[in-house]
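Some structures to go through are shown next.
You will see subunit A twice below: alongside subunit B first, and alongside subunit C after that.
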Partner chain A sequence: MASALKTYGTLIGFVLVVLFFWIEIPDTFMTAKNWLNISQQVSMLAVVAFTMTIVMVMGDFDLSVGSMASLAGIVAALAFRDGHGVWVGVALALAVGLVGGLLNGALVAYVGILPFVATLGTLTVYSGLAFLVSGGKTIFGRDIPTAFSGFARSGISLTDTVSLPSLTIVAALVLLVVWFTLEQTTFGRRLYAIGGNKEAARLAGIRVRRLRFLAFGLSGLGAATAGLMYASRVASANPTQGSGLMLDAIAAVFLGMTMSEEGEPHVAATLIGVLILGVLGNGLTQMSIDSYVREVLIGSIIVLAVASSSLGKTKG
Partner chain B sequence: MDGRRCRPPDRVSDMTLLSINGLDKSFAGARALGGASLEVRAGEVHALMGENGAGKSTLIKVLAGVVKPDAGAIAIDGASVTIGSPADSLRLGLRFIHQELSVVPHLSVAENIFLGRDYPRRWGVMIDWDGLNRRAAAVLAGLGVNHIPPGRKMARLSVGDQMLVKIATAFQDASVEGGAPARLYVMDEPTAALSAEESQRLFAVIRRLRAAGAGIIYVSHRLDEVMELADRLTVLRDGATVATRDIAGLQKLEVIELMIGRRFAEGYPPRLAPVSSEVALNVEGLSTAYLQDVTFEVRKGEILGLAGLEGAGQSEVIRAIVGADGGHDGAVSLAGRPVKIEEPVSAWAKGLAFLPRERRQEGLVSSASIAGNVSLPHLDDLVRFGLVLDRAAEAEQAVDLGRKVKLKSKGPRQKVRELSGGNQQKVVFARAIAGSPDVLLLDEPTRGVDVGARYDIHALLRELTAEGKAVVLASSDLPELVYMADRIIVFRDGKVATTVSTEGLDQAGLAALCFGTPTAPSA
Partner chain C sequence: MTATLRMRLPAAALFLSAVFATGAAVAAGKIAVITPYLAQPGTQFYVEAFQAAAKDKAWDVNVIDTKGDVAAVISRLEDAATQKVDAVVINVDPAQVEAGLAAVKDAGIPVVGMDAGASPYLVTNVTSNGYAMAADTAAYVANRIEGKGSVVMFVFDAFPPVQVRGVIADAVFGNNPDIKVLDRVTPDVSDGGIADSRAKMEAILAANPDKGSISAVWAAWDQPALGALQAIEAAGRQDEGIVITGIDANPQAREAIAAGGNFEASMAQDFHGIGAAAAEAVAQTLSGKPPKSSVTYVPTKLITIDNVKE
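Up next is the complex of A and B:
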């Protein structure tokens, strides 16, 4: 019983949340249209959470993802304003994400700063840079090419009324890539070994420093991707728009970790974590419940999920 | 040996301090104890022996009040008692000293001894540090320990001295409110991390405790130590007590037979093939912060032993060769080719396999499976399409090598943390031989391993050397070195003190060389 609660508690909680909204909002909640809507709403959080999973597999954190997402959006928007095309802006933003992520990796792996401290520092740096290069203003309107902002509104039509949003497809692709990387490649296996026992991994011939360096690069890349998705969705970029992502992403990974026997993050479990947060947001909004209540609820659910899994552990 | 001579002959009384009768305990259907009995007298050191999984830890946990037995009786001074919690255990005068130390490294010795107790005060508010240190010194002196300054930070002590402080703490618990004075000490592998010298110091303390009338239950895999220290021993096998014997007149081989229930013609497997003349590994002028100018060579099919007191350099040599602690001065060559190794990853790539000293901290990823642990240094050989891990090949590798090292498991995907210590060590061995290395560098390969697994590991070393592999074996287990190695390098203070052939060498001779005793026989 205790072990079932430990492994499936979070999943059961997710089902209960879904059932609750299904009963409370019978007309609109359990419809294909609403679920596709949820998938689009969570797509940016999902991308950040998936790539955050990569660093958390090693037992590390990346606190800078939110401000990196903002910075990447700003960089793309500035490129657009200077008359560059969509692909140039996107490539520049992704490059900034990769370099910023690798800088985190260098600080953590080669300089030896704790990830918490290193990325707390770069969180502030990237956020400051976003304000600096944008002059603190939102970039919008005709500066943003319609090809870019149209992407978030596009999708693949499924029926006359519903379509699969492009942002959802991006998130699904990132999920697939991260899943493949973590679960099917030797790179992923090495990351899990580092998370399990860094010293043993190093002595068994794993290049711990290089892998940590690279993994943070991927996290930065994911953050930049999410920043671009956000900018496309709201057809503008402002230096604070990614700030909510970091805490939610870490929360989603933690929720996922409660579903693993070893307490290891797995990206499929992170997806459940993301969906829990997304469904709560969507359902509570439809019920016109204050967004502050959502925060209280989400916080409580995280504590509850982690508590139930650690209680299971001490008993088992 | 000296202890027994020094002790007044009537010291071991017939007064039974603790008696355990017919203890049964099952975990989820698996029987851990079934008919375990033990009787400890006041003023005796009673060794508790048995292979891993024989039930020693469960029995100790019952005494500690951590595990509740299904059946059986425990009596202290002839009166039946129930130990329902660790607090009960403390109240009854039982004290536990484990091999894993729980000390606060950044506090002083005195603070560790009096942790959780009221410190002496000055003017009601300020801590009277001098008073605290004086009290701690008195407690230590009570155990005959005078060389540890009570004001020193715990972290700066050797592991052995930390163990002594730990015992002092257990001793001090006597003054806990409502607690009975300590009467029975349970020591679980206390010397696992100690050097021979530190062990001797610990034994002196144990002998004092015994002389003061305490009972000591002593658990150790080191037979020689038990023969030296204990008065009687009780052997557990498969959860049941098979025998209780006086140590006097008992042969080591008898003890091993009692523990494993089968006869060994010899405690060590015989050499299978002669040593080749080809040099496999050559080390010249190896120097680091710890080591000075270490030079030696190992030939194919040879086992080279590294001996010395704890921290004399034997472990450091191995770590330096594989680049575990960064760079070093000096030259290393493999089969005559010079190699540069600054990280463990290049050691593995060049055909050097490394088995680290601390199985749990440095050897295993305990959350991963057997197959996942075995494959770790060899993942590049298990790749399809450039980056996909070939899981089937990985599992197959683990099964093949598991058979070779005589691993007992439920399958290649079983988590290693579910395995016993001996089987965990076999997983580390399987990893070491997976890439078919030319040289194996082994740091304490049989530490904390039960007798059966130890024999399996020794037999494996014979097989590997017969295949032409060279083995460097650092060990604090002197009989292992004497019987397994072809030559032994003795280290002292980071330098090679001497190199001896094991031909005609006995344990006492090797011990004398380690201590640098002038009466050492020339070998």
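Up next is the complex of A and C:
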């Protein structure tokens, strides 16, 4: 019983939150339309959190994802403004994300800087670059092609009134790719080995440095993807718009980690973490609860979830 | 608690609002006010005034601050559409949240802008009148120099809300045959506008060294006016009676006006008035008579040494 609570406490909490909103908001909460809405609302956070899971599997952090998301949006918007097509802008932004992520990886794996410090440094650098190349301005209006901003508003029609949003599809694809990479490939299993014990992993012949380097590259790529999704959703790019993503992503992964026996991050559990944050935002707004109360609640839930899981462990 | 009761007991709510409204026609309703900018002083004033007006109307107002996150505004707009609120008020550039506005429109919910920018998705946008603010300060200048002399203008035509101010000042000065526009300067604003305006003004002062050769400086916003003031004081020409005006009445400008120097006037926006007028626009919309114009202007006020301390 105690062990079940330890492992499934967060999941049970999630179900309780959903039940609570279902009872309080009977007409509109538990509808396909609302859930598709939630899936779209959390899609950007989800992509960042999924790829953040990859580095957190190794016990590392990437604090630069928020500024990378902003920078990627700015890079794409500037490319659009200079008359390049949608695909050129998107490709450039993703390339910037990959290179920025690999730079984090190089600092962590080859230079040997603690991830917290290295990515705190690049957080500032990428944010500064976003301001520098944009001149601190928001790029919007005619500079953003409708084909790009239209993507976030498009979807696959399911019925007359309900459609599966494109952003949700992107997040689902990223989920699948990350799940497959982490759970089904040698690359992924080796990342877990590194997270378990770096030294043992190295002695077992795992090329720890190269894997950490690559994992950070994937995290940067995910951040850039989320930045593009964000820019498409708001049909504009601003040098600070991704900054809220980082802490929420780490929170989502932590919430997910409480559901694993060993306290390891798993991307499916991260999805539950993301959904908890998204459902709270959606449900509390529908209940007209003050937005600051929401902040307090979300923070408390994170602490509660982690506390219940670690208390369970010390007892067990 | 009362909010929950009101939701559950609409009949009781109607009765209560009828009692408290003392006979006035009310449309009790659920209103979502959504902004990413609640931390900014102007927005706080709008929202406070809106809430005060809403209290009189017995509305259930939910203020949602997304703390700078514009995409979250879209999410909260979608939630408000799902929740079927009676009206939404936004304080954010509508062009950036069109996806959310479309969802709200599909749900048949009216949206009122509170200094938000014009958009076909809005019933009306309540804001200050840039044309009127420029007319007031330009007329102040023309009257102070008694319709004759040389005026330096600081403008910024690249930014539409400021561009309209310059056009109006051009018209006012052009209508005074004895006023000559000495220079129409566009300062570099990348450093905030004060430093470059000061440098530009220093150059103009050097080119016009005689007393009385410059009668006034009209600036389309406060920063160039402050830069010009610094240049005039640094050149030791503060006693030549050069009249300076700005627009916005920011704290620095108010200080300069209160000091009684060359900086004589600026325009203050009525943030409380904007909040109250937004509430009125919502009330009209809910009662089935939405405002006719896509923009609703709230009067602004000329700030001089006589009223700067108020």
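The criterion applied here is as follows: the second predicted complex is superposed on the first by the 316 of 316 C-alpha atoms of A that agree within 3 Å, B and C clash if a C-alpha of one lies under 4 Å from a C-alpha of the other, contacts with A are read in each partner's own complex, and residues count from 1 in each chain.
Definition applied: contacts are C-beta pairs under 8 Å (C-beta built on N, C-alpha and C of every residue); 3 or more make two chains touch, one makes a residue touch a chain.
Fair warning: this is a prediction, and the values are worked out from it, not measured in the lab.
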Problem set entry | Overlay on subunit A: subunit C relative to subunit B, clash or fit | fit
Problem set entry | Touched partner set for A:Arg153, first subunit B, second subunit C, both or neither | second
Seminar exercise, completed: Quick note, subunit A centre (C-alpha) to subunit B and to subunit C: the enclosed angle in degrees to the nearest 10 is 140
Problem set entry | Partner chain in contact with A:Lys33 - subunit B first, subunit C second, else both or neither | second
Exercise. Is it subunit B or subunit C that touches the larger share of residues in subunit A?
Worked result: C
For this session: Quick one: classify A:Met44 as touching subunit B (first), subunit C (second), both or neither.
Result: second
For this session: Based on the superposed arrangement, let me know which partner A:Thr240 touches: subunit B (first), subunit C (second), both, or neither?
Result: second
Exercise. Between subunit B (first) and subunit C (second), which does A:Ala305 come into contact with in this model arrangement: first, second, both, or neither?
Worked result: neither
Seminar exercise, completed: Overlay on A puts the nearest Cα atoms of subunit B and subunit C apart, in Å, by 37
Exercise. So which positions on subunit A get touched by both subunit B and subunit C?
Worked result: none
For this session: Over in the complex, which subunit A residues touch subunit C? Could you list them?
Result: 25, 28, 31, 33-34, 37, 40-41, 44, 135, 138, 140-141, 149, 152-153, 230, 233-236, 238, 240-241, 243-244, 281-282, 285-286, 288-292
For this session: State the interface residues of subunit A toward subunit B in the complex, per the touch definition above.
Result: 184-190, 192-193, 195-197, 199-207, 262, 264
For this session: Report the residues of subunit B in contact with subunit A in the complex, numbered from low to high.
Result: 322, 324, 343-345, 347-349, 354, 356, 361-368, 372, 375-377, 379-380, 382-383, 387-389, 415, 431
Seminar exercise, completed: Note: in the complex, subunit C contacts subunit A through residues 3, 30, 32, 60, 62-72, 74-76, 78-80, 82-84, 93, 95-99, 102, 190
